[in-house]
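Per-chain numbering from 1; labels A, B, C, D, E and F assigned in written order.
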Amino acid sequence: MSNVVVTDCPRAARAVIDGLADCGVATVHEAQGRQGLLHSTLRPIYPGAQIAGSAVTVSLPPADNWMIHVAVEQCQEGDIVVVAPTSPADQGYFGELLAQSMIARKVRGLVIEAGTRDTAVLRRLGFPVWSRAVSAQGTVKETIGSVNVPIVCAGQAIAPGDVIVADDDGVCVVQRAEAAAVLAQARAREDKEAAVRARLQAGELGLDIYGMRERLAAKGLVYRDHGGSAED
Amino acid sequence: MSNVVVTDCPRAARAVIDGLADCGVATVHEAQGRQGLLHSTLRPIYPGAQIAGSAVTVSLPPADNWMIHVAVEQCQEGDIVVVAPTSPADQGYFGELLAQSMIARKVRGLVIEAGTRDTAVLRRLGFPVWSRAVSAQGTVKETIGSVNVPIVCAGQAIAPGDVIVADDDGVCVVQRAEAAAVLAQARAREDKEAAVRARLQAGELGLDIYGMRERLAAKGLVYRDHGGSAED
Amino acid sequence: MSNVVVTDCPRAARAVIDGLADCGVATVHEAQGRQGLLHSTLRPIYPGAQIAGSAVTVSLPPADNWMIHVAVEQCQEGDIVVVAPTSPADQGYFGELLAQSMIARKVRGLVIEAGTRDTAVLRRLGFPVWSRAVSAQGTVKETIGSVNVPIVCAGQAIAPGDVIVADDDGVCVVQRAEAAAVLAQARAREDKEAAVRARLQAGELGLDIYGMRERLAAKGLVYRDHGGSAED
Amino acid sequence: MSNVVVTDCPRAARAVIDGLADCGVATVHEAQGRQGLLHSTLRPIYPGAQIAGSAVTVSLPPADNWMIHVAVEQCQEGDIVVVAPTSPADQGYFGELLAQSMIARKVRGLVIEAGTRDTAVLRRLGFPVWSRAVSAQGTVKETIGSVNVPIVCAGQAIAPGDVIVADDDGVCVVQRAEAAAVLAQARAREDKEAAVRARLQAGELGLDIYGMRERLAAKGLVYRDHGGSAED
Amino acid sequence: MSNVVVTDCPRAARAVIDGLADCGVATVHEAQGRQGLLHSTLRPIYPGAQIAGSAVTVSLPPADNWMIHVAVEQCQEGDIVVVAPTSPADQGYFGELLAQSMIARKVRGLVIEAGTRDTAVLRRLGFPVWSRAVSAQGTVKETIGSVNVPIVCAGQAIAPGDVIVADDDGVCVVQRAEAAAVLAQARAREDKEAAVRARLQAGELGLDIYGMRERLAAKGLVYRDHGGSAED
Amino acid sequence: MSNVVVTDCPRAARAVIDGLADCGVATVHEAQGRQGLLHSTLRPIYPGAQIAGSAVTVSLPPADNWMIHVAVEQCQEGDIVVVAPTSPADQGYFGELLAQSMIARKVRGLVIEAGTRDTAVLRRLGFPVWSRAVSAQGTVKETIGSVNVPIVCAGQAIAPGDVIVADDDGVCVVQRAEAAAVLAQARAREDKEAAVRARLQAGELGLDIYGMRERLAAKGLVYRDHGGSAED
């Protein structure tokens, strides 16, 4: 079980990735059958970013960020780096200098099941990070790990080249081989939702649009007037 | 103990509700004797909203949002929907489409002891939510619950029609029958605070304004000079 | 072990303090050998503040804020008040009126291992607070504590007059006697980082700038081509 | 909203209470339609206790245990004291001396949404406590609260005289007026479970006993052979 | 991505599994290069159990335990059932009746990233469970999932037939194909530790046994006499 | 700020230490004015141990246990090793072999603001540990720290040679210079409690023993009869 860096992993098509970014996490997650959502403990360091990219995965020891430096070299335009320590330790593994290096390679963002720092600068640079903590506590560079091997990050199995979608709602992974199909389903879902949205905005009720009343009654739901008055 | 939807619950007077919104959570909570504050685990999904409204209560099973659809029909202008699962489960029970439907009915916001999603859109729509989590994980529509029954949400007993006040400091419930009295006390408190504020801004000390020195001395507080210098 | 207020504690030089503020938490923390970082559970109530100041320390009983009122009198321009309850209790010990009083004395901010309230007003006033919770739940004024004694706050020992640095990354303490030396090291670090930043922005890799390749190979890191294609 | 001690609250019949104790929390909770379970953050300080009793409720300020002393006088044989601070603070409100006093009055145990101490002695005395924390940190006796008023404890509304059931699985509340009916349902449930238990022990599958196979197929569940071998 | 039950998954050899149980979690985890440890949030419901078995994996919806009933039929002697909800929800998915059914099939225990109940009975039955919570809150049987598909449980990817080792220290997964090799390494480690143990018990220091002194000195570790006395 | 091992630190008198162990954490903590209690997140790995000893302090990097090996050499009979990582990381820093080495030197136990493992063996060996987590995840030996320097552990400042008291209620530190005085106060407290205990066991109320009734009335406490009956 030696430590390895896997090079030249295949990516999904750029147009598919960008389409998934447009749909956003909640829609993509529903579209693929409620699979692939990372734990909600991962939060964006600033609101408003909405991205998708190809996963460059990093498995590293707790409190040691050496392998992120190694991973940068494996990054291409449009990638998202996904980092998981082999056991939980929420130091700040990532900061401005690593971000500068990733920006130079056109990386779109970072997802890390641990901590990040230099958050004010990252916000100014427009480099989004989804992390479990913000911590100025640095890490060491003593022990190696692996890049572009399958990892588990925040509860989801992620392979290199999988598509990562991230926005204010969280982070979702789409398997590379399914990305195009999921995008098609996501767009179909958006079309359907657009129709429903218009009816809801016009004041129609979901109870009627979705035809729920009969099934609710069958389950035994009872309506009863309060019987009180504004005075009681 | 059948599941029920109670209709036409009485509300407090609109002017009282709006007055409580102006006062804000911290003042209202103090004014009613430090009663009714929901746990601080409920946080706003974006900063700056400050609202009050009449509670439409929703008790629902974990990971099932069916009853929120049912609750929309019971909402009137000026209401706030308050949702508590019967056991903890932080999925995203609420998102953009339900918000559109509530906005169409002039609902002012949502309080949920669980998760919400589509937070970027909710911020753009100006529909505030106080929740325990943000999660894109959806829910099912399989099991019914109740609407407008007494519930416990984030540690407080809430009856339908109670006044909910919510801002960046959290969420507070005021019993409907006490709302007018609490508003009067809150305004009295604001007047008193305005006088103190002016004196504090002018540099007077709370120790003197509140007359604390004597009581502190009686408790045994001792003042002692450090005895060091800027050089030590 | 009587309760005491220590007066006229020495402070570090203003220029040193302001220099440490410019460097920020992550740099200062690294510059002093990764010492002095408070737990990352302390978070700013709004993003963007970056300050440094001399600690006025407050040790107080849980759910009792009396000693903060006492501490205000001990504050000078450029101070930061640092509050730790003797056992954990996350009520809101601090709000707008205390902030007005501190602003009148030119205090720069507050660090508290507990809760704060009136956060929307504090943001408008530009008075930053780093706290473990936001809570509108008030406190009592029944039991005394101490001001300007050594305390432990969020995992760090803090003496009165120590320099506190706080920004979006968290809070760090620098011992007063070491402040000038730490500033010198922080500035040296910034100079060094500026050079590295320029090279990273130009596309050089940290692997080369830091000369990591040989040591990684010695540790046994292996590079292996994926062997797949964009189609698989 | 003055502070009050309500005396001579009615209790449920002793035989009903003892019957509920025999059934245990999981069965009682199911029998009353999955209502009334306190949050699972409440844990017993030692394993093996299984009790039921009439609630003597205590609402008290954070970090102040004065009202527990007041509550002891209101206790009768067979009671369980239920304590909830008005805001969260996990000090040790309860220890050996209060337990001795409650044992002298034949109280059966304590439920507290906060901390307890002297746990080794309590175990030796056989006085069970369900609490959120164990803490040797004491409390003050400065501020009053109320005894035998309706409270919310660990997420459930509890009225004085309600029946509390507690064992290794947690704590459940049964409204006094429903206790006899819930006991009848719990016993019916036990009888039904005994029959199922015998069949399961004999090797029958729940799939067959509960007749689940058809409904699973209707939902679309597919069975597929692994196709591998012990060698692969 | 339809829901599926995979049947007749291959298992590792019984002797290998039992050998891994003898070694225990800490040794097995070290022996396979510190891979495969589940999050320490999983805790045994009673101390003292130490088991290993073949994983029967269960992926199920939050707050719904239907698929555990389905999984029982797939169990053989020596198996351990491993359950992960598709999103976090800590209800009690498992209790005495399911345990009776598993005991009838000679299942060795259960690992669940959620809650369990009937813990006192499970302890009496000697059926160990490692879970994230104890909760009497039941679940529904409304939505299907899958059995014997790859899952992520408490941060680790687990395939059906993988060997699960569990004791008071936690839970570890060993891939089926590596089980024999890992056992060999674990036994070698135990032999080596036995030799070190004897020397440590005789009073030798690890500093000397492991030859650490030189490397510590090279890192710059300094020894300094305290210089105080018992009187100071 | 080099890393250092301080040797031959003075200890408190053995008889004083043993006396503090007899009194236990809750009594000692009260006796020294409610100072020195470590956070209640530190829990014993098995119930029933009650010890005191002289602190050998260890400051070490996260996820690196090298300095515990160094600390063993500094231990004498009657010591307790107290370990705090410089930033939070809950791996298992301590296990059976280190325990064997400490037992050979007659160390009484370990306090660690992190994780431990081999807990079943430690229980059999009778070597108690108070820790924040149980984790089989090992650590590295790459980076040095310090032994017998002042540290902060679980919220308390601890100097080498301070007396540590630990039992099922938690962990408390007594400064070495104050140990004899604190013991005297603790014994006085025990005598006083013995008298109160006898009266409470005889059925007297704390309300009367402590003379609380007048002060409660002065605070405004009101008694009111329920007015209901057992039938309502």
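Keep this in mind: a residue touches a chain if its C-beta (ideal position, glycine included) is under 8 Å from a C-beta of that chain, and two chains touch if they have at least 3 such contacts.
Computed from a prediction, not measured in an experiment: that's the story for all the values here.
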Smallest number of contact steps required from subunit B to reach subunit F: 2
Copies subunit D and subunit B - interface residue numbers shared by over half, same or different: same
Distance from subunit C to subunit B - Cα centre to Cα centre, in angstrom: 29
Geometric centre distance via CA averages, subunit E-subunit C, whole Å: 39
Residues of subunit E touching at least two other chains: 34, 37, 86-88, 90, 135, 137, 143
Set of all touching chain pairs, with the criterion as stated earlier: A-B, A-C, A-E, A-F, B-C, B-D, B-E, C-D, C-F, D-E, D-F, E-F
List of subunit E residues in touch with subunit F within their complex: 24-26, 29-30, 34, 37, 40, 43, 47-48, 50, 167-170, 172, 193, 196-197, 200-203, 205-207, 210, 212, 216, 219-226, 228-232
Of all residues in subunit C, those that touch subunit F in their complex: 1, 32-35, 37, 39, 86-88, 150, 152, 155-157
Complex interface listing, subunit E residues touching subunit B: 61-64, 86-91, 135, 137, 140, 142-143
Residue ranges of subunit C in contact with subunit B within the complex: 2-11, 46, 66, 69-70, 72-73, 90, 92, 95-98, 100-101, 103-105, 115, 117-120, 123, 133-138, 141, 143-144, 148, 160
